[in-house]
Every structure is written in structure tokens, then in C-alpha cells.
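The structures come next, written out as C-alpha cells.
Next come two complexes built around chain A: one with chain B, the other with chain C.
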Partner chain A sequence: MGRKIFRSPVMLIMPSILAIGFVIIIPLIFSFYTSFTSYKLTRPDSLFNFVGLRNYERLIDNAKFWYAFGRTILFLAVVLNLELLFGLGIALLINKITWGQRTLRTIMMFPMMFSPILVGFQWKYIFNDNIGLLNNFLYLFGYESAIPWLIDKYLAMGSIMVAEIWANTSIFAILLLAGLLGIPRDPIEAARVDGCNSWQVFKNITLPFLMPFVFIALTIRSLDVGRAYDIVHIMTGGGPAMRTELLWTMIARIGYKDANMGFANAMSYVSIILSIAFTYYFFTKLVAARRDLGQQ
Partner chain B sequence: MKQIKKIGFWLLVLFLLILICLPGIWIFVSAFRPNPEILAKPANWIPDRWTLHQFTQMFSINGYVSVPAFKYLMNSVIISSVSTVIAITIGMMGGYAFARFNFKGKNKIFLSLMLARAVPGISLSLPLFILFAKLGIINTSFGVILVYVAMNVPFTIWLTDGFFRQIPKEMSEVARTDGCTRFQAFWNVELPLAGPGIGAAAIFAFLLSWNEYALASIITRTVHSKTLPIGMMDYLDEFTINWAGMCAIAVVMIIPALILTFIVQKHLVSGLTFGGVKG
Partner chain C sequence: MKLFKSILTVISVFSLSFSAFAVDKSFPNDKVAMWGDFSGITLDVKLIGGAPYDPLYEVMIPIWEEKTGGKVSILSKKSHFELDKEIKQDIAAGNISYCVVSNHTSFATQYGDIYRDLNGIVPGDFLAEFVPLVLEHSTVDGRLVQLPQHSDVSNLWYIKSIYEDEDNKKRFKAEYGYDLAPPETLDQWKEQAIFWSDPPNFYGTQYVGKEEAITGRFYELVIAEGGALFDDEWRPTFNDEAGQRALQWFVDLYNAQAVPAGVLNYLWDETGLGFASGTVALNLDWGGWGAYFNSADSKIGGDVGLVRFPMGSGGKRGGWSGSHTYSILNGCPEENLEAAASLIWILTNHEAQMHEARGGKLPTMTRVWDDIAGEMNAEGNAFMSDLFSTFKASMAEDAFTPPLIPEWIPFSNIIFPELQAAIVGDKTVKEALDAAAKETDYLMQDAGYY
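Take a look at the complex of A and B:
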């Protein structure tokens, strides 16, 4: 059987497409349909109650939805930029080390093994106002009033961002380090001989060479941005008073707690388009960057 | 001056190491401390009482006392391994096709596979919940395995595509002029060469299944199919948390992931970057 399959690429790809079709494509078509109905889990017959664009109209009118949407965009913008920046910093730092570099690289991968749900729990524990590591630490220095990291309306979002950045900076650091290690020495030395300073070398040689690696990291990261749901879900559950509600936690709340599947599916579609747009954008950037590099 | 710079540099590295390692270590230490000590105020920095209480509660010989962690662990192991084996088998075939054949719409299919992977778990969980309930595979290991296979296939294709590209095409061509079929050439020449890379892809797929929460939290309902990340929530009540218990189950969850990542790390980076750069 193997022989026949290996003659045609279509047969080779078919199992993958079948699996994805059954688990991702068909459910998405189904949820696209339900987003036009008033489907409620508690009333199965409402699956055929076609309401046209009403769920989407309700979305547009729903201020809470737009807050969550804006918060999600802000969250992703802050988190992705900082992860990239810290990742680049760490990669440059480790690239300078000659002794123990491999050990450091391994230790750096540590957060990557943590399940997002574990990351969330771990930081919930650290940020706990009563017994958390952070407040206990501050207590040592005389800050005796406990800071409510996860309960304060401004601090909560920042605390979640810290957790998210802790968990995902290492992906950037590791991929950018791989890029740095692959840079040929000759152009850098030539530039130095010609009198470039470190910043000019970095800007004109190192950075362009790193760009494909930046986009690889961003593409991989964009596949998983939705997993921030796990972290928020366990750390604050969207609270206090929905101040940390992101699109994903809002979908879960409306879909499962309120059992309003039609409305939640309409919202899902916004989040799916958001994620796909992210991935698509970075993927095309990646293709362009490696084409540029290939021409050099 | 140079000396100061050097000291500053190493201090920065040390600070970074603490930042990366401390949260995990704190969880590890807390798992072996009794709850009253965790709750002590002011904090008790150096644990003076160590206990295996939480672990014996989870894994006692006469069944569990607190949380059926052993059952969760078995579910996690079975679901993650089976889904990894299937995902790697079919993903590898796909990766081989993308690396070795030219066909119409190749880049578009590749891109759409990656985009399918980008769908957030929680958005996918709504329709999957309804469909799986209708098909009667909700709350079964089979259903979860099916989902994880589909989740892992795109990324496996990306990785294995990169690994197969690193192997010169000529090797398979030589084997085939010597009378091998394409499958024999794949089996005897290319697969062994790509072996370590495929191993890395497998561990990556395993970890994704091992750590997944959003989908499993919806599809699994009881101890029959719950995995460790879902089981962890058993320690979380509406208003109270059993911190030590939660840390203990976190340790159970992290140790296999830790070991596997250490094995895989080298190949993982080369697979991701090579597959990405030399498109």
C-alpha cells in the first residue's frame, strides 16, 4: 500500500487534510451557520431558528464586546512587542557569552515547557495578595500593606501581561539566537575595518539578517496567541469587573455560562479572523524576508 | 573599567536566570510544604518541614484521597502518545510531499494548513462541543485524540518539510536508480536521515497535547477522559485554593515535559529555522 501512496503527493497530503477537515473545517462551517441562528444549548430546536445578521448586529452594538476587542488588540500589541524586544536582548546577551552558552540556552527554554494553564496558576500564586511570593518579598522591605495585584483594576492586566511575557519570550530568544549564530563573520569584520561602530553594524548587518528569524518567531507565536485564554482564565477569569476580559474569555463566558451559542459563535468568528489575519500577515512577511535574503 | 563592565554583564545574566527559574522552583518547593506553612504570615522563607502529603493523597495505593491524579496522568499519557503517533505519521507524509513534489497550489495548501492551526482553541471548542455531543464521542479519549491529531498535523508538516529539505534530493534519486521504489528510498534512506528531526517534531506534538487546556476543558467532562491540565482545576474551588495540592499536580505535569524538552532542544531549533529560511 505504501508504494502506491508514495507516488502521488495528493495521496500523501490527503490524511492530513481529512483530519483537519473533520476537526477544524466542518466545525467551523457549522459554527458559521449557528452564528446566524439564535441557538441556545438549553433549547436544541432553536438551532433552526434563523435570525439573519442579528447576532452580528448585536455584536456591533455591544459596548462590552468592543472593550474586550480593544483590550485583546492592546494586549497582543504590548505583549508581542515586549516579547520580541526582550527576546532580542536575551539573544544578544547570550550570543556574547562563550563559556556555558549551551547550558544557558537550555535553561532559557525552561518556560517553553510550561503549559499555559500552569503559567497562569504559577503567576496567580506569585501575585496572590496574601501569600504570594511578590508581596512576601515586598514585606521584607517594609511594604506591609499587601498590593492586590490581581484584584486592582489596573494592576490585574499588567500582571497577566507579565505572565504571558514570561512564558513566551524564550521562543523569540531561542530562534533569534539561532539566527545570530548563523550570521557569517566576514561582513561584520569588513564593516568594522571600514570604521562602522557597533550600532551601525547591528543596524545594517545583524538586523537585516535576523529579520527572517523574527518573522519565523512571530508566525509561530501567532499560531498560539489564543492560548492566552488559559492564562487569563485561571488568573482572573476576566475579572475584576471584566477589566481583564479578552475576546476569548468573553466567548467562553457567553457560550458556556450563558449557553448562548449563536451569539458566542458570531464572536468566535471575529476572534478567528483576528488570529488568521495575524498568522497570514507574518507568514507573508516571512516569505518576503527570506526572498530578500536569498537574493543577497 | 573593563572589570566593572564584566561584573555588570554577569550580574545581568544572573538576574535573568533568577527571573526565568524562580517561579518554577517556587512551585516545586511549595509542592513539598504543608499548606499551613505556605499560608504563614510573615512568610516562612526557608522551609523547615518537608512533606509528601499531597503526593500520597493523589497517588495512595488504596485509591486516591484528594484528586484522582493517577487516572488523570494515565489519560494524559494515553491521549498524548496516541495522538502524537498518528499526527507524526500523517504529518510526516504531508511534510515529505511538500518537500519532494511540485504540484499545483502547493504554497496555497501549505498556507491554509498553517492558518487552520491558527484557529483559537476556545473558538473551535463551541462547535466541536455540539458536534461531538451529537456523534456521541464527547467525554471519550477518542474524541480528544482526534482533536489533537488535527491540531498537531500542520506544525508537524512545517517541521518535517524543513528536515526533508535538508537531505539532498540526489540521495533518494541514487537509491531509485539502483532499483528502489520511491517508498523504499524513503524508508531506507530519507527516513533514517530525518530521524532525529522527526523525533523532535514528535516531542513537540506530544507537549502540545500534554499542555492543552481550552479544548480539553470542554470535550472532557469526567474522570473518564480528563487530562492533567483539566484535573489541576479540581484543586481550585470558588473561593479557596489548595495551593500545595495544586503545586504538587503541577510538578507531576512538568517533569515529563522537562525531560522531553531537554532531549529535543537541539533539533527543534534547527528544524524551525531551516524549514523557515530555506523555503
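Take a look at the complex of A and C:
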């Protein structure tokens, strides 16, 4: 048995196993363990104060957490769908262009080059009620009231969504453009010869070919958006009155500001359910889409 | 763009104004000198950063390095909220072997016993120079864990010209039945704020609306209204009538649109810049903005008045106060200890405090209060002279710290969303305070207070 372990194939993959162990497995096990303790960052000895399922029990009764959970699902659903629509639109438009496509592709990616913190600051001041660009622009047209973009129950979440969509739609656009460039021309030309109009070509040929790309993009972005933190933190900090509180702004505050890392880690593990659910759903859809195309 | 321009203006104003103040490198007015030969020693430090704080480092640290031969390596320079998070992570990671760190009287209690007791490290005759109450606030469990650099407490700034306008006086008297003058009470403050408001062009007043900032503001209004956050056993009491009156004050101003609509997203920079933009009549703020408010870079330069924090119905004024401080960590190697003490001496000594006070920051040394007032009088600077006499009275008569317990920040994180919920109308005042009290009760029970 011992000799088997030292055989060359095992030895060859050992560096990868060790790297994954140190970088991923051990931190995961450690943080999972702390979710069963009353670990506070400022009291290292509390790491050994095992409290069993207490953190998880408190979580179940914590209405604020479940509101944040629900808000995060809503945020994910709206942002992903709009990014998909806009990204698809941009990709289709750019795909039509025969001159300057490369320049446009580069320009399209500009928002992705900004740090999310910078994006947050930029939109925070655009939406500032008093000296923000948007309200001052509206005043030019005779609007006489300061719209509280980052305060109002609906507008605050909408404003954050706008920032998130602005920053990341190009991820969808670039992935879908790659899909469009890979679509074979023959079926499209055959359909046109058979008298299909543009909508029919798009619906029956282009879109089915694109669906695997759509679901890959959705999977990647759902993991990203599910962890949304920087932009929300800068624009509203999750407020006011928790109106824009998402899971990770709440977890970061409890973990770092309150230093209550045990409880924050319990929240994190419950939150992961969301990412797993979205990933599972999109992968199922991806497999189905590939099957429809006759791929494995 | 306007705001970015304003931010740049503030940064440049703070930087230029402070660097313009001369420092006498011989430190003639310092009774205690803590120079030494620290050649070969590099002190690792983490400091609070930003426009109001950097100018002192830029002046004092090079002098210290030149005179002692030591070096300062700044590992981190951040806002205090970010620094707070970093220190907590450092404690968790056991990475607390640097020497000097910025601290604050409201934050220090959270960090356990990571700091050295400065008694015995800093000479007693230097400590004797500080205001005793401020040193008391810097003490945790009987240990002096920090040396105060400057203090903060807030008073009410106002635009003078609108109060001097005869037409305004007549209109106000006709509407409210008493003479228009800067507010003496919280009720007058509210009435005048509503009187001045003409949204979205002009607002009566404003308040910092989130995080510990609004918790502190609520706290001082509770005290002014005759209430308290906790009873003697640390059970929450802020949901009583005094607490409700305090929160109602914020709600009324918001509902009357006497404050900017986005006020719940404002912190100190937003309120300071807003007042300097000339769009707010009354602004509660610390003295550190004073020189900027009255400068040519502010739209109300030369037109700024200042009165004490108005009184609440409990016959008290608000006076939420704290001090920015420096601490030495236990992990600082013994051989660097003298150098570390020397560094915090140069950042808190008479010369440093005079340098900061010229910009409006409040000194923590008894002697500096007199010396800065004398200097401003000699220069004929009536505005700064008035600033120091007003803030001196506040520090002496009104100032109080938040509860110096490790639970202050977690408590703040519980209560501030509830305060906001009442202000925006998601909950009634009573519902919001009761919800916060219930959660605070759990917090204090878990912490073992009862």
C-alpha cells in the first residue's frame, strides 16, 4: 500500500494536490470549522470555543439574513437577465460590423478594466442627490425635486444594478461574440435560401448555437454577481435601513467590523447554497443546450 | 465633476494650509524632549491616512528621521474604518509585531491587550501636559494604551449673512414668534432648519447619516434629551421617551425636507463639502474643517459663524467626543521601544499640536489651548480665536465619550440601520428603537454583562 503511494503517477500529481490542499481545501475546512465556534477576530483564543450548531440555529431565526438572501436572488435575477439582453444585443451589432470591429471590441471592454471600487465611486457621484450629474441634468429640464437615487426603496437597488450592469455587460458581449464568430455559415445561408427572414434565422439557428455560450456566461456571472460586494459597499454600504443589503455586504460587516467571524462563516456557508443552486441550474441547461445541438 | 473638483480642492486646501504652517525644528516650547540616537532602527507603523492627517506626518516624520537617524516604514495608511478592519485581521493572523499604530478612544477597547501600557514608557512629565480627562479616556482597564493627538467634538456652524438679513429676520419673527438668531435649543435648530430650506437648492441643515457616525449623533441627542443608551447594568435604555424624542428630531427634519434627500448616505466629507458649497444653512461639525470653511476656497469663506451645540430638553448639550491617538503594540521589539515612544512623542507634542491647531484641530494638551488662542489673538484672527474659545468650552463642559466598551462598534452596527429605517419611514420611531434594543440586549447578554 505504502509503495503504491510513491509510484510515479501519484508523485507527479502530488504538487497539484498539495497546492490545492494548501490554497483551497485547508482554508475551506478551517472556515467551516470556525462556523461551529464563537470565533471573534479580536479574540484568537475563541477559535477553540466550540458552540455546535448555535450559529446556524441563530441564522435560521435571523430575518435580516433571509431578507438579504432574497434581495441577493432578486439582484442576481435582474442583473443577469439584463446583462444577457444587453450583451447579446451588443454582440449581434458588433458581429454585423465589417470595418472597425476590433476597435469597437476594445472600447466595449473599457468598463471591465475599471476596478469595481472605482466604478462604485463613479456611480455614487452620478447618483448623488445633491451634486450628482443625473439630478443636475434633470434640473436643466425643469425637474424641481432632488431624486434620492441611493435612498429610495426601489431606486437604490436599481441604481446599484445600473452600475453593476454597466461594468460587466461586456463580459456577456465578448463571450457571445465569440459564440457568434464560431457559428457555421452553412445552416444560416441554407435557411435564407429556404426563405427564412432574419428573426427566423436568429430564433431557429443563431440562438440554439449560442445557447451553450449563454449558459457558460450565465454560470460565470452568477458566481460573480452572487459575491457582489465592492460596488454595493461603496455606493450604499447596504443601506439605508438595509434596503440594499446583499449577502456579502452583511457577511463582511459581521465578519470584519463586528469581528464575529464564526457567525459570518456560518452565513457564508449557507450563502454558498445560492451559488451552488444557480451553477447547478445553468449547467443543467448547458448540457441540455449541447444535447440539442447534437454535442456531448 | 463638481464633487471631484471639490474633493481635490479639499485635499489641496488641507495639504497646502498645513504645510504652510511653520514648524520650529528646535521645538522651543516643548518641556520634554525624547530625541535619541536610533540609527539602524526602522519602525514599522500603520497610520490613519487622508487629507486631514497626512500633513502632520509629512512635516514631523522627516524631522524625526533627520534628528534621530531612525527610519519610519509606513506599512499601511488608510481611513480609520479600514484600519480598524486591518488591525482585526492582524490580530487574527497573529501579525502584530509592528511598533506604532494609529488608534482612537472609541475603537481601542475592541482590540484586547495588544497594546503596551505607556506608563513607564512615556515620561510622566510629558503625560502631565495632557488634559487629564483625555488621558482618562485613553486608558483601558487601568492601562494607558494610547497617547492622544487631537480630540473631536462638534459644534454648530452657520452662514452668518442669512442670519443678518433684515428681511429674513422679519419673516422668521412673523412665522415663529421669536427673534432670529443661531439656535440655542434642538427645537429652535429644527424650526430654523425648516425655515431655511428651499430644496433642492438650499437646505436648512444636514447630518451624517450612516454607520457609527449616525449612531454617535443619535447618542449625543439622547444625552441632550436627558436619556442614556444603557442603564447601570448595561441594559439598553435608548428606546425610552428621551431616545424616541432624539430619533424623532432626525425623522422630522427628513420628512420636512430640511436635509438633503441623500443624507442617509452621507459621512463627514459629504457634510463638510456640502456646507462649504454654500447650500446648507446649519452644519454640525468638528473644528478641523474650520480653516477650510472660512477660506477663499469655500463658497462661504468669511461668512461663517459658530455656536455651541444647542441644548436638548434635558438641559444638556450634545458632546459626543473622542480622540485620535497613537499606540505601541506589545509585539514591538524591546530594542525599538524607545524609538517608538520617541515617534509618538513627536506626533503628539506641543509643536505638533500647535501645527494641527492652526488648521482648527482640537489640542489634547492643556497648554496648547492657551498658546493657540494667544497666537490667534496676536494675529488678529477673530474667526480662529472664536473657534478655539467655543470648542474649548465644549471640551470642558459638554464632551463625553461613547461607552468605552468593546461592544461599541457591534452595537453601532445594530442600531444604525434601525435609526435609518425610522428616518425613511420603514418603521415608526418606537418600532425601530425597540427592535434595536432587543438585538442589543442579546449582544450584551452574549458579552456577559448580565
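Details
FYI, the second predicted complex is superposed on the first by the 244 of 296 C-alpha atoms of A that agree within 3 Å, B and C clash if a C-alpha of one lies under 4 Å from a C-alpha of the other, contacts with A are read in each partner's own complex, and residues count from 1 in each chain.
Here is the rule we use: a residue touches a chain if its C-beta (ideal position, glycine included) is under 8 Å from a C-beta of that chain, and two chains touch if they have at least 3 such contacts.
If you're wondering where the values come from, they're calculated on a predicted model, not measured in any experiment.
Once the two complexes are laid over each other on the shared chain, residue contacts for A:Ile183 go to neither chain B nor chain C. Of the two partner chains placed by the overlay, chain B and chain C both lie in contact with A:Tyr125.
In the superposition on chain A, A:Tyr256 contacts both chain B and chain C.
Taking chain A as the reference, the larger set of touched residues comes from B, when chain B and chain C are compared.
Look at A:Thr236: by the touch rule set out above, it reaches chain C but stays clear of chain B. Of the two partner chains, neither chain B nor chain C is touched by A:Leu92. When the shared chain is aligned, chain B comes close enough to touch A:Trp166, but chain C does not. Of the two partner chains, chain B is the only one touched by A:Phe110; chain C is not. Within the superposed three-chain model, A:Ser271 lies in touch with chain B and out of touch with chain C [touch as defined at top]. By the touch criterion stated above, A:Ala191 is placed in contact with neither chain B nor chain C. The residues of chain A shared by its contacts with chain B and with chain C are 41, 125, 130-131, 133, 136, 139, 256, 261. Listing the residues of chain A that touch chain B in their complex gives 2-3, 5-7, 9-10, 12-13, 15-17, 19-20, 22-28, 30-31, 34, 41, 90, 93, 96-97, 104-118, 121-123, 125-126, 130-131, 133, 136, 139, 166, 170, 174-175, 178-179, 182, 212-213, 215-216, 219-220, 222-223, 225-227, 229-230, 233-234, 248, 251-252, 255-256, 261, 264-265, 268-269, 271-272, 275-276, 278-280, 283, 286-287, 290, 293. Chain B contributes residues 9, 12-13, 16-17, 19-24, 26-27, 30, 38-39, 41-43, 45, 87, 90-91, 93-94, 96-98, 100-101, 103, 109, 111, 113-124, 126-128, 130-131, 146-147, 149-151, 153-155, 157, 181-183, 186-187, 207, 210-214, 218, 229, 232-233, 236, 243, 246-247, 250, 253-254, 257-258, 260-262, 265, 269-270, 272-273, 276-279 to its touches with chain A in the complex.
For chain C in complex with chain A, the touching residues are 1-4, 6, 81, 84-85, 88-89, 91-92, 94, 110-112, 199-200, 209-211, 260-262, 264-265, 274, 277, 279, 406, 409-410, 413, 416-418, 420-421, 423-424, 426-427. Every residue of chain A that touches chain C in the complex is listed here, in rising order: 41-44, 124-125, 128-133, 135-136, 139, 144-151, 153, 236-237, 239-243, 245, 253-254, 256-261.
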